[in-house]
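Chain lettering (A, B, C and D) follows the sequence in which the chains are written, and residue indices restart at 1 in each chain.
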Amino acid sequence: MPVVRLVAFARLRELLGDRRDIVLADGASVGDLWEALVREEPRLTEFARGTRFARNNRLCSAEALVCEGDEIALLPPFGGG
Amino acid sequence: MIFDIVREAIDVRAIEASVLAPSCGGIVSFCGVVRKRADDGREVEGLHYEAHEGMARASFMAIAEEVRATMPEVRLAIVHRVGALSIGEVAVAVVAAAPHRAEAFAAARFAIDALKERSPIWKQERYCDGERVWVENRCSGERQ
Amino acid sequence: MIFDIVREAIDVRAIEASVLAPSCGGIVSFCGVVRKRADDGREVEGLHYEAHEGMARASFMAIAEEVRATMPEVRLAIVHRVGALSIGEVAVAVVAAAPHRAEAFAAARFAIDALKERSPIWKQERYCDGERVWVENRCSGERQ
Amino acid sequence: MPVVRLVAFARLRELLGDRRDIVLADGASVGDLWEALVREEPRLTEFARGTRFARNNRLCSAEALVCEGDEIALLPPFGGG
């Protein structure tokens, strides 16, 4: 049962807090993590389309599997500059 | 050649000094500055920026790598500030130095456009009426 | 909004401060810098610039007027130094501030190109071997 | 007989000095001034094609007539920036 570090930004940080550890089932994907978060915070649904994921500082798909100690980042659309 | 996320005021002159070399004949500095009116005309009190700092720094270095691939003589630096900023303060500085001005202009323009599209940085506009809105760059939602 | 010929080091930050207004979201500064190698590869010891100061200032203001005609929100400054300059020193600074970056980049680029073509300023390259050559900009000989 | 102030730059300054007063015949043009200078300093000939004239801070043609007190500037090709 891997433990991952979740980090969220902007609107998602406001909904989820900026960082915390989450325990997932063996073989869980980044998408599974997202689904678990949506169950906890249904308002996430409206951000599903705009949110990208990163695993250990690299963008990844929802299908990417998570490993013990991974940092999974939730990235809403960017606004820098 | 600085690629950084900072919490304090950006020292543009120090960044310029870091990229300048005896080979350089032109240096272009772009600063993004907090302005008083939002695009919809509302009066802004200030901005709040946040970043995934590790990924943002990596994205700055990737942008510089791309610039080097087509313009190997360009020397580039990118610094973005996070936290609370007031009107007139510099949120981002992109500095490009090159032997000739055409490349310095092209590199600076490319770098700021690329940063807006692909660097994981977020901006909240805080209006004088108390409302706060996270503002998205156009194009930033596309997958890379 | 400074248009000037100066004999001392150019203070780019002061020029930026003079053009910045609460409406500005982007500021582009171009500095032309003395570089170590001439276009033909010869090693440069320094440069000497001279200007018809009255006509040069008038040409800077005419350039700014042209910028305003197409980009009325741009705020522009142009300062050129004359006298003896060493490697790494700033010979010319063009600063353009605007609500959005596209206009700031376009105005700065237009202004430095126009200055090279039509401002009565002359540059002598002084090489390490002792030779001195007056260097002409391409296009500068055409009648306006 | 108008007296004009001549100013010259770059190579032309090196040949002619940077400024001096010159007395011309009544009805003289800027081109007449140039011809007088060429008689004095024949090396000017090679710069004839590249040199522009200004009268009182405005570019002018060789046909422009000079008046008492005018500043006539000799401008070789520019090199600023």
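Basically, a contact is a pair of C-beta atoms (placed from the backbone, for glycine too) under 8 Å apart; a residue touches a chain by one contact, two chains touch by 3 or more.
All values reported here derive from a predicted model rather than from experimental measurement.
By the document's definition of touch, chain A and chain D have no common neighbour.
Rounded to whole angstrom units, the spacing between the C-alpha centres of chain A and chain C is 49.
The distance from the centre of chain C to the centre of chain D, each centre being the mean of the chain's C-alpha atoms, comes to 26 Å. Counting only residues that touch two or more partner chains, chain B has 32, 112. Within chain A, no positions touching two or more other chains are listed. Under the contact rule defined at the top, the touching pairs of chains are A-B, B-C, C-D. Of all residues in chain C, only 12-13, 16, 20, 22-37, 87-88, 97, 99, 101, 104-105, 108-109, 112 touch chain B in the complex they form.
Residue ranges of chain A in contact with chain B, taken from their complex: 7, 9-11, 13, 50, 52, 54, 57, 59, 73, 75-81. Interface residues of chain B, counted against chain A in their complex, comprise 32, 49-52, 54-56, 58, 80, 91-92, 112, 115-124, 134-137, 140-141, 143-144.
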